[in-house]
Amino acid sequence: MANSYNEITRELQEIAAEVFAEHDIKHLLGFGRGEFSGLTEPVFLKKPEEAERLIFQDDAAPMLSKYLLKYKPDLQAVVAKPCDSRALAYYISEGKISRDNLVIIGINGCPGIAGNTACDECDTRNPVIVDYTVGEEMSQEELEAELEGVKYLLEDMSPAERKEHYSREFSRCTQCYACRDACPVCYCDHCYVESNQPEWLEEGSSADKDMIFHLMRTMHMPGRCVNCGACEMACPEGIEMRSMTTHLYHRAKELYNYRPGISPEQSTLFSDFDKEDSEPGFLQ
Amino acid sequence: MIKKLTAQDLKELLGELRQKFLVIAPFRVKQGRLTKVLYQPVKTNDQLSSIYFKEQPDASPKEYFLPRDDRLAEETAGADCQPEEWSDNPRLFLGVRSCDIAGIELFDDVFIENDFVDPFYQRRRENSLIIGYSCQEPADNSFCQEVGIDPLENENVPLMLYDAGEGFYLKVQDQELLKGFEILDMLQELPEAESSELEEIVTENRKNFSGDEFSLELELPFPEKEAFTSVDWEEATASCLGCGVCTFYCPTCFCFKFFWEEIEKNRAWDSCMFSLFTAHASGHNPRERQDQRWRQRLLHKFSYHPTNYQGSPGCVGCGRCVSKCPVNLDIRKVLNRVEKTLAGEGVKGNES
Amino acid sequence: MATARKEKQEQQKEFDPKIIAFLCNWCSYAAADLAGSSRLQYPSNIRTIRIPCTGRLNPLLVIKALNKGADGILVSGCHPGDCHYIDGNYYARRRFTMLKDLLEFSGVEPERLNFTWCSAAEGRRFAEIVRKVVDRVESVGPWQGFLSEPDVVAEKEAGEIEDGEFL
Amino acid sequence: MPDPVVVVGGGIAGIQAATDLAEMGIPVYLIEKSPSLGGRMAQLDKTFPTNDCSTCILAPKITSCYNHDNVTTYTMTELINVEGEPGNFRVRLKKRPRYVNEEKCTGCGDCLDKCPVSIPDEYNMEMSEYGAIHKYQPQAVPNVAAIDPERCLKLTKDKCGVCEKVCNFDAVEYEQKEKKFIVQAASIVYAAGYEGFAGDLVSEYGYKDQDNVVTSLEYERILNAAGPTDGHIVRPTDGEEARRIAFIHCSGSRDRRTDKNYCSSVCCTYSIKHALITKEHLKDTEVDLYYMDIRTFGKGFERYYNRAQETEGVNFIRSRVSEIEAGSQPGDLKLKVTDGDNGFAEEEYDLVVLASGLAPTQEVTDTLQKLKVRTNKYGFIDIDEFNPLSTSRKGIFGCGAVNGPRDIPESVMDASGAAALAGQHAVLDVNDMGVESAGEQEYRVTQNERTRVGVFVCHCGTNIAGVIDVDEVARRAREIPFVEHAEDVKYLCSSDSQELIGDRIEEHNLNRIVVASCTPRTHEPLFMDAIAEAGLNPYLLEMTNIRDQGSWVHKEEPEKATWKAYELVRAGVARVKNALPLERGEVDNIARALIVGGGAAGLTAALELGKLGFPVSLVERETELGGHASKLEHSLEGRPVQPHLERLIKEVREHELIDIYAGHEIKDISGFVGNYKLELIPPIPEEAKKEDDLLEIEGGVVIVATGGQEFEPEEYSYRDSDRVITQLELEEGLGQPNGLPGEAEELEEIYMIQCVGSREEDRPYCSRICCSQALRNAVNLKERNPEAEITILYREMRSYGYYEDLYRQARDLGINFSRYEVENKPRVTAEDNGRVSLQYEEPLSGREITAEPDLLVLAAAILPRDDNLELSQMLKTPLNEDNFFLEAHVKLRPVDSATDGIFLAGLSHGPKNYSESLAQSRAAAGRAASILAREYLLTQATVAEVDEELCIACGDCERVCAYKAIEVNEEEDVAEVNRVLCKGCGNCTGVCRPHAVDLHGFMNQQIIDEIETLLAEDVSELAKSGGV
């Protein structure tokens, strides 16, 4: 069973105090309530007294894992949704951050984020690596029951319909790249988009270019995307672009039995192969 | 002169105005996973009933004055070319709120009332007529009054529309500006109203604007040097992702970049929140970190702009940057911290 | 650009597709050479870019080629297990499988995306591949870009206005 | 400069030997009888057990050998005789006339179609035809035509002469005469190869009567995509697809009625290969293999066999085919099969493939005799078991199939070993190896110049110009941005054209060159040299292939071909404009070999390297040298091993260049080729150890010779009874008094069980030596006690090669053989009296037999050492599935590990017998010497480079690099390329997400420019106008 936000909030506050007592952390990264906006926002807690500021609500969309790399030489505690925990496992597998520098407070039976369609098809409802947990674990049976009959994004469309869909969606893109910036596994210091030698993506704001941006970005994502939906949640234009990365997420699972961020020991999808890998659609 | 209109009157008036104007009004628009309120050209008279005043539009009409992507020149033509979509019809913007009016005024200061005039902006601006709209309740996260903007009354537009629930009042504020637009003729038939009727509504509505939790005490411009150095910007803006959505939705952000597309020279919106904004070809970047970029954005609005433009704020308090931020990073919180730091309350010390 | 080119081709009435072929130096490029020294004839539509190994080919380059208006793509390397660089083509195979899947999902016709293997001894196979690829690309016509026709987009660009008696 | 070495034979063995010698800095004369290098391997379609394409792996090797500065190749040349002494041989050679001038002929092929005469194509085993003037094979090296004097009309009847007329180079020279000449040589490597033979059983197997009976070499050509049937498996008589094919093993081999009654060693596995490839081509075709024993004893072969049997539906039929006659339908064949179980049967097929054996040609045997090199009764070189690769004549070394039946990796091992031996006579001067150094030539500095591209468009006679309007291409090229000069030239590869390019570079101050001509795969080195001559960095060249992939393949579309050529030139300009002047780097090389393991393999490698003049550090964990070999009593030929081993140890101990670290354990290994470091723990008692006791030794290469171990059987009551021993224990026991339970002379009933621990589910490999070892021990026992009743229970007798003689001898001596199936193994129970009881099924009668042997000898498997995994991790070089060290390439690099500078010898690489271990050790020495001979190691120029700004240190590049050439520096958080190890494949560049890694020569910017230019709009604009 998914846990309630209030229950998670209550447990988080308790455990945070414990974490402060047990570890000498630089900060505890979690969610708090915006002073003026009332919206949920990332907070960096430094003192045990602040533990009561922690909350978990249905608008806790940002991926906190994103912030950890900035402070990686320090010991940090982080409240991790299951998708966040996968991003962390992925960071560890790429050597981006040391497990020893992390105190992970995982959210079991994550109730999901309002408006995030990725949560509807989420296949990881308990965190994959944790030091502390809040909430009850969701059992495999429950998960399977919830996933039964779930359709993935744009799965039912024909390729031509999708093409039209993307044409419509990307016409609104303002090239803010919030999708990229919000993505926990997009952590390059210099994105290919910003390279002009060579110029992978030409300047200009035509929808065509935005489509290409997303195709190229998606090709950086197989074996990395943890299907958290942060990209779509961040888009101020409401562009439905997650379907691309999600599609490959599911295809990698089907073809290679590969799910990113499931274990910190895992290789990345593209830095591994099996001699028996299939060749769907290759010319014979 | 104040006219009283029913919704039907307003639709008829707009129908008539459409003969002369390209009418641009707020609509509820479904875009992907979001439904937004956006300014859009009215295409048919039927559409007039769908005009939507109830909420602050999600975006200001900025892109009608500074398009996202603006073709400036063609290589072969050699000279500057004409903006492509200019029509002979003047544009009428309906229902623009005080914050957004202030945004356009700021553009006027920068692009027209300045040593250099931007002919593209100027042409678009001079071809536009604005009908203001008096807010009935504060928009989410807005704090316009804290930057000296009155959400209910605005003298700087020739016409101001007031929503009276069962109908509208249209206040003609500047007949001079309306000359040549034949608009007054169209209004002639409509009944006039007493200014007291209107005042009553405004007074009633103003009550909704009293409960601001946020207050900005510090005077503009902020002391540049002190704010620059003494605030812990990193701490204040740690959650920023650098996406620049705040600037794109900001009614006053106007930065742009140039680029060539085949043989066309274009300009497009740029953002000081982007790492490349200040990157030099040499690889050096004077604003290397995101907190430095934040500092720039905030101080531009609250220190540099007011310094350069007789104390007028660079922020109109519309609150969109807060509502649109993917991580809900609140400029009010940052302003608060700046204030406290400058007031010597030692926010920084307090936390360490 | 893709559209501009397409218009021109329409004027021309005859579709003469342009196919960018990425061939690995050791097997498929050698096969193309062998087709030549065996004087096997194939259509002139392919433009070959020689790369050391299919492992070199970053998938973004294929997207780039389509972006620049290639009507079709051919990528050919050594047969699995035969890679001159031990296992480059095994890695490439995964990348291309994912790339092909993504592009097809997004509406690119499968006929435009041709991935295969061809050994240095397979000159005849190479010629056959080129013929097949040209046929496949011709069957789906000129490439018009990743997005639908601009007018389709323009229609819906601004989003759908919600009807309602708001005013 | 060392003295030259002559290598006879341009097949894979000769090429390997020549390349290794050349890499040691020794000048080589490579002599090949046919018009092209390549030998038999060039005729093969694919190679077992990986089914690699033979051409794909061989062609690069031939080209680099042929182009090597130290190799001079004489084709159509034979060795007549040799005079003098090692160190100073006078080698008399005879070069047959080619009637085509090798210098002038460019291989353009203009003459080939014009020849009115058709003759059988030798390369295609005479199953197709080419002209009297022809290229030996399409990818001939040198790429030059030759005339068959017996069929040429001009040479026979003084008519025709058309080839001379069409040749634009005056390359046809009918007046050429046979040329005899002498070269001086320090030593000779003889690698003349083999011919396939199907025995003299013409009538039985109908090879000459029935057209649909083909030999295995013919079948290779049929399978090959470039062969006479374009790779379609069809019958020679009617071109119909074969639906039923029989493969007959041992066609000629293992037959007492011929004089070639050895086992040819390779036929079993290549027949399996044929079967598998046939199944790949034609899934539904029935494939039946008729065999006596399946001898898949090589590394990885057993798995191959299992795959064929279990998953590919190949039928293996154990029976002897006695006769083939015409079948019921025209072209069909009827096989008469005798079968031990079912008596006599008849089967019909539409194609029969004879698995022909390997034998030296009579000519080769005659030559060897003339050279005073002793041959054995089969005509192969008579090889001394303890001195493999040497011949009876000092200074002459044999390698490849002249040494006996060999597969490719064994031939390659032989070759590297022979190179190590031959090199010793050439007197290497370790201080002056004459190996080129990178920094020798200074090039013009062009970085600050405006880009000025020169375009040269080749006519290649009519090859290009006959289809493409080269003048138009050059004319339009002048309009391309950055192009300073463009012209078309009749033959760009001619020497005066090369000079012309140089002149133009000077004249126009060109700093980038585009050559539009033939394929860069063959001609890039030539044009790189040409522009380097002119002082321009050779990497500022781009070749566009408008012939092989232009005029030749678009003959019917001249206009389109012209446009394509123009577009390619344009793209070439776009690509070359961003080319960087590249240089090969120099890296210090430590001229010392580090050898891990002091057994026979390590000792041999050390000694040969010492003799070549290289310092060696030999590390052995035990305090005594000798390893596994010290347990061996006698060799497979029955000679005592210990005297040889003792002599070897003595020589090594006494060699001044060899340091021995006995009793030392390895703690860690670091570094890379040219610069390896071993950390050793000296033999100090544990309690006396101090921190700084560790010893460090450095060297340029590492040879892994750590040996293997014998399996300790878990079954057959081995642990319960003293009467059950292993073959090795038997051998040890035979050497010592009271070494066995009862004196050997008194043992009455002896049983041996084969494949104990081998060829089983958890160890699916053959231990290779046990069959021959059992035979040898059985024969020894029988000789000591002729009354003894000896029975060998076996699954397949794998007495490959000459060990077939041993098998025959054993049978003649009355030793019994009884086959068992793995599902029905013999059962052994230990009795209370210390004896054992054995039960097994006699296969012919099906009877259950019970015995109580005096001795039960188990052929225990050879296992990899337990610590292989640890060592492989320290060396960063992989193991195979069975935990033996993995070679870099199973066919062509059998001694190299996957990691540069690490070589493998002996049992650490896989099961092999004593003699084979010695041969491989010599090979390891040869391969090591080819690196040690260099003062500096040259890096490749086209290597990967990391942009540190962009790199996110994610490690993907490190994980995909097969060469360990790029690694994340954890401290700096950035990936770093080791230029010495980088092979320039670009896999890192293909996987890099932030595009931080780029590959020189194939940079992202260059490829993007190429793409953009090929698709640029104005180009299509031009094309639209309909061409020229």
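Chains: A, B, C and D, in written order; residue numbering restarts at 1 for each.
In the analysis below, contacts are C-beta pairs under 8 Å (C-beta built on N, C-alpha and C of every residue); 3 or more make two chains touch, one makes a residue touch a chain.
All values reported here derive from a predicted model rather than from experimental measurement.
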Can you tell me which chain is nearest the middle of the complex, judged by mean CA position? C
Higher number of C-beta pairs in contact (A-B or C-D) found for C-D
Length of the line joining the C-alpha centres of chain A and chain C, rounded to whole Å: 32
When centres are defined as mean Cα positions, the distance from chain C to chain D in whole Å is 36
Separation of chain A from chain D, taking each centre as the mean of its C-alpha atoms, in whole Å: 50
Each of the following residues of chain D touches two or more other chains, namely 949, 960, 991, 995, 1004, 1008
Of all the residues in chain B, which ones touch at least 2 other chains? 31-32, 36
Residue numbers in chain A touching two or more further chains are 172, 190, 192, 200, 270-272
Treating touching as the only link between chains, describe the layout with one word: line, ring, star, complete or other. other
Where on chain C does chain A make contact in their complex? 59-60, 63-64, 67, 80-81, 87, 90-91, 93-110, 113-117, 129, 132-133, 145-148, 152-154, 156-157, 159
Applying the document's contact rule, which stretches of chain A touch chain B when the two form their complex? 34-37, 39-42, 44, 46, 59, 61-62, 66-67, 70, 115, 117, 169, 172, 174-178, 181-182, 190, 194, 202-206, 230, 232-240
Of all residues in chain D, which touch chain C in the complex? 45, 50-57, 59-60, 109, 138-139, 224-226, 230-231, 519-521, 545, 547-550, 552-557, 560-561, 563-564, 567-568, 571, 888, 898, 942, 960, 962, 983-987, 989-992, 995, 999, 1002, 1004, 1007-1008, 1010-1012, 1014-1015, 1017, 1020-1021, 1023-1024
Tell me, which parts of chain B touch chain A in their complex? 31-34, 36, 68-69, 140-141, 213-214, 235, 238-239, 241-245, 248-249, 257, 259-261, 266, 268-269, 271, 275-276, 322-324, 326-330, 332-333, 336, 351
Note which residues of chain D are touching chain A in the complex, please. 949-950, 952-956, 959-960, 968, 970, 991, 993-995, 1003-1005, 1008
